[in-house]
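This structure is in structure tokens; I'll ask about it shortly.
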Amino acid sequence: MQNRTTKLLTIITESVLETTLARELDRLNARGYTITDARGKGHHGVRNAGWEPSSNIRIEVACDEATAGAIAGFLEKNYSDNYAMILFTSDIEVLRLNRPPSTAT
Amino acid sequence: MQNRTTKLLTIITESVLETTLARELDRLNARGYTITDARGKGHHGVRNAGWEPSSNIRIEVACDEATAGAIAGFLEKNYSDNYAMILFTSDIEVLRLNRPPSTAT
Amino acid sequence: MQNRTTKLLTIITESVLETTLARELDRLNARGYTITDARGKGHHGVRNAGWEPSSNIRIEVACDEATAGAIAGFLEKNYSDNYAMILFTSDIEVLRLNRPPSTAT
Amino acid sequence: MIDPIILFFLLGAVAGLLRSELRLPAAVYDFISIVLLLSIGLKGGIELARQPFVTLLPQMLAVVALGFLLSLVAFPTLRYLGRFNRADSASIAAHYGSVSVGTYAVAVAYLGSREIAFEEHMPLLLVLMEVPAIIMGIILARGLSRETRWKSIGHEVFLGKSVVLLLGGLLIGWLAGPDGLSSIEPFFFDLFKGFLALFLLEMGLITATQIGSLRKHGIFLVAFGIVMPLFSGLVGTGLGWALGLSIGGTMVLATLAASASYIAAPAAMRISVPEANPTLSLAASLGITFPFNVLIGIPIYYTMAVWAHTALAGG
Amino acid sequence: MIDPIILFFLLGAVAGLLRSELRLPAAVYDFISIVLLLSIGLKGGIELARQPFVTLLPQMLAVVALGFLLSLVAFPTLRYLGRFNRADSASIAAHYGSVSVGTYAVAVAYLGSREIAFEEHMPLLLVLMEVPAIIMGIILARGLSRETRWKSIGHEVFLGKSVVLLLGGLLIGWLAGPDGLSSIEPFFFDLFKGFLALFLLEMGLITATQIGSLRKHGIFLVAFGIVMPLFSGLVGTGLGWALGLSIGGTMVLATLAASASYIAAPAAMRISVPEANPTLSLAASLGITFPFNVLIGIPIYYTMAVWAHTALAGG
Amino acid sequence: MIDPIILFFLLGAVAGLLRSELRLPAAVYDFISIVLLLSIGLKGGIELARQPFVTLLPQMLAVVALGFLLSLVAFPTLRYLGRFNRADSASIAAHYGSVSVGTYAVAVAYLGSREIAFEEHMPLLLVLMEVPAIIMGIILARGLSRETRWKSIGHEVFLGKSVVLLLGGLLIGWLAGPDGLSSIEPFFFDLFKGFLALFLLEMGLITATQIGSLRKHGIFLVAFGIVMPLFSGLVGTGLGWALGLSIGGTMVLATLAASASYIAAPAAMRISVPEANPTLSLAASLGITFPFNVLIGIPIYYTMAVWAHTALAGG
């Protein structure tokens, strides 16, 4: 078991973006992502998930620093002005399973 | 894109507290928070989310260290004795979007 | 309020493993865990949570480094070959509540 | 013969005890309980439209008093006989003074399948009995101190899901009347027993998860969970008779008295008396009293009602 | 007399304004809206099976034109009278040119409980009116520039949930005909009003959350949210009369014109005109126009239809 | 003429292939499948109440044997003709030896709309056929080694959602009998086809997601997914005839044999034979066999049954 220090990029944004962002993440070389449903509050007020237009998603992408930077930059440029969105990164250690941690098959 | 190192406070506790804690977080100057539904196990046994009384929520607050400390202290004093609850913080880098990362409008 | 630096182990895997992994976590001395429903994409393709066989769960375990290592090693050995799964750890500070942060009652 | 909807409860309980993979999503539980609460309210409201409100006032006052009374009886029993601390005693007392909508529905189904009539405005009494014991429980735990935040407690108690839906249903039924509701009858009335069957399946699954706690918390709780409803059922029977209710109505009132809350009371107690251990009250009300009432209690309360109406009428 | 399903809307709105704990899980909202959309589609489809398609062509073309037209009227009003920026004006205009399925259902229920007939193929017109204003809104916001990704916008607009379900229901109803559907009637038709009642309960809860935004965004939006549907209703009435629809059909068309979208348009605008503030359009369409139409507008449109058919016929 | 519920499947499949935004929440899928499984069980249970159990024993034993047999035929075909590894061959064989509740329901609907009678205790055979092939699949993958944790596998297999609900429904129906269940008929029986329509809509959406995997895994799987059910259907027809079933009953048994599991088998295989690739078995059973059976197979099995009863009876 070898480990590798890398980044976890967390994006919390509007549910309506799910399909779009999944496509963009693919394009930006994220080898994987995980999405959970969420609700919350921020600059754009309360988003209580009562129905689609006020629902959030929480996307996590484990990737190297460069990819995280590229994704974040892209989202900032194209989405953060017009959508409820917060982005942050943290350091994680991805446990090297039998396969390399983020290589597409 | 400027970044800022700050804290992510994660609170996992009983769903029944959602409304109350949302109010308290506002009062304690959290500029935002994100909530997801969860289930789990801890000192208070299994909470399997089959119905309200055994459901958990997972609250995340991105904020500066002082705010995180204030919120945690407040929750410890007022809630942690009587409710299933775990609190932890980690370091994150909030990506500075066009607006300041945690300033209310 | 004393704090303690420890690890957060995050496991993202197939929902079908939930009962099994909960049992294993108990056996491996995790004093608690939190589970949320998730969907995502990885080496095993898109898992869109439309129905059980393509749903993910996201498990978090706050524990000391040794336990995290033991759990990760066990999962790697027994599950990671055959199941969609990603594992990573990060550093967290568990806020010492009135009780010790991870001691079973 | 056992009512088939009871069999759904047993199926759930057995599946739960055998640790089957069967599970109802929380959203489905919510959906079903919303429909049941609205249906019960609507049915009662239709009846209210039929009779002068003022004739019901004595019954309304009586059941409010009954709710207070039952929690006041339960509290010292738990505190001194059961040796629970003050908060736990108060919280359990609140659960037992309040009512269970699921138990009510099973009692109504029991009467329905035997074609025994009862006063159709019972949902009004049901909603009135939900709240008093909860308030009394908070007072018993906190005293009448100035510090208690009654405003936020009132909000919690009166704007909880079950009170809003029952009361809302009552009002809608009352305003619309039987004709107005005919278009939503297929959903809210014809399907009622089907929704109830699914609800009981889920209650069985939940009940099964309570058994573990019971083992921990000993036999006093088990005894209390059986004796208290029998006592309350007796009081309810007496009151029903005294109020001049029919046999069916007396039995329903006895069941309401005997039933222990597991929706409104847990939520309110958790917020207002947080130091009470929710495991205790849920283990008793769901793990013991709900199955007891549903399987054994309801026929007993019916016998009590028949007995009251024959013995006391003849006496 | 007020329709009981409207009372469910009021119950939801009041519960929401009082900040009750009542909440419908999102999955339940999805379930209910899927059933309603399919039901409406199926009902329309059955009717299509009964009549030669070609006779409907004029109506079909007319309502598509109406959708374009209404958004073209709304846009300058918002831009110059309301002083909204271009994107917001275009987005709100798209909402008001498109239609609301919930409002349609309430109008149909209104006619149903009064036993007033209307052309049963209205769901076809409903689905045809969903899309044009959305496309026009995008054009108004973006211009007809080359850069606009029309392919992905077309995908978003034509493959959104409500268009797919309405259209799918229409096709199934049309292919299967009334006899073919008899086995699913109990679910999709008999329960329709019950599902609608629950839907309106949830709409009430959602509407209540929009009131806050309204306070922020001022009285122009409130005025627009009332005057625009009245104007559109008038245009719809005229068109219905001109197309030779019955009184009931005229009223339904007026309601469609008057209604503002809150399912298809918000989703499409959010993706295609992201710089428009969704709070504005939802506050207007859900916070003002939906309750206005449901509580006050529908009877007015009915009066308009009656008036058109008497005055104009006599004239 | 095509059954309208099949149209719902097609609608789902087309929407899925066009990547529409239409999606049923997982909780709704769970709700619908719970209702369907209970309904099917209840219906079978009612019938069991009507006839002496012992007369059914031969049929019960026969279908258990059939489940074992079909997986034993499928395994070598997959292993040696298809060149799949041992685990994959065993897992796919388990899926095809077991049964699909959705396919069963469509077959019953087919007979219903043609008013063709069949033995109503078929749900008993359905539940009996779910398990044997799964056990055989595990043995084929693992051998009968001591290490295999049969206890936990037994738990997984017999306490899975679908077995518990079908068996539970059977028992409730059997204990309560037709009269006892009349109060829940509107929910479980009258709405059955409506729930089935929604279920098929979702199955269409899920099927569409399997097409991608099929492209990867080649034409052997496609061929197997068509030829295997035809073969099994033939065996089922022969067995139905030999057991003296009616034409309708023969056709239902043929459909059961031909159907491939996508609820019980995937869950059990995933836990007990984790090294098998679930994509393969789901792509075949859901991507090929389910649509094949539902669209083409069922009429074929009906023809087979008619033919068996005329040709063999005459022979």
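Note that the chains are named A, B, C, D, E and F in the order they appear, and that numbering of residues resets to 1 at the start of each chain.
The rule we apply is simple: contacts are C-beta pairs under 8 Å (C-beta built on N, C-alpha and C of every residue); 3 or more make two chains touch, one makes a residue touch a chain.
Here the structure is a predicted model, which means the values were calculated and not measured.
Taking the definition of touch as given, a chain qualifies here only if it contacts chain C and chain E alike; those chains are A, F. Under the touch definition stated at the top, chain B and chain F share these contacting partners: C, D.
Farthest from chain D, judged by the mean position of CA atoms in each chain, is A. Greatest Cα centroid separation from chain B: this falls to F. Centre-to-centre spacing of chain B and chain D amounts to 35 Å, using the average Cα coordinate of each chain. Put simply, the C-alpha centre of chain E and that of chain F have 41 angstrom between them. Centres computed as Cα averages put chain A at a distance of 46 Å from chain D.
Among all residues of chain E, those that touch two or more other chains are 21, 23-27, 31, 186, 191, 267. Shown for chain B are the residues in touch with two or more other chains, namely 36-37, 81, 90-91.
Applying the touch criterion to all chain pairs gives A-B, A-C, A-E, B-C, B-D, C-F, D-E, D-F, E-F.
On chain A, the positions that touch chain B within their shared complex are 10, 12, 36-43, 56, 58, 72-73, 76, 80-81, 85-91. Interface of chain E with chain D (complex): residues 1-5, 7-8, 11, 15, 18-28, 31, 109, 112-113, 186, 190-191, 193-195, 197-198.
On the chain C side of its complex with chain F, the touching residues are 14, 16-17, 20, 37, 45-46, 48-55, 79, 81-83. Listing the residues of chain F that touch chain C in their complex gives 23-24, 26, 29, 202, 205-206, 209, 212-213, 266-267, 270-271, 274-275, 278-279, 282. Residues 1, 8, 22, 26, 31-37, 62, 90-95, 97-99, 101, 103-105 of chain C touch chain B in their complex.
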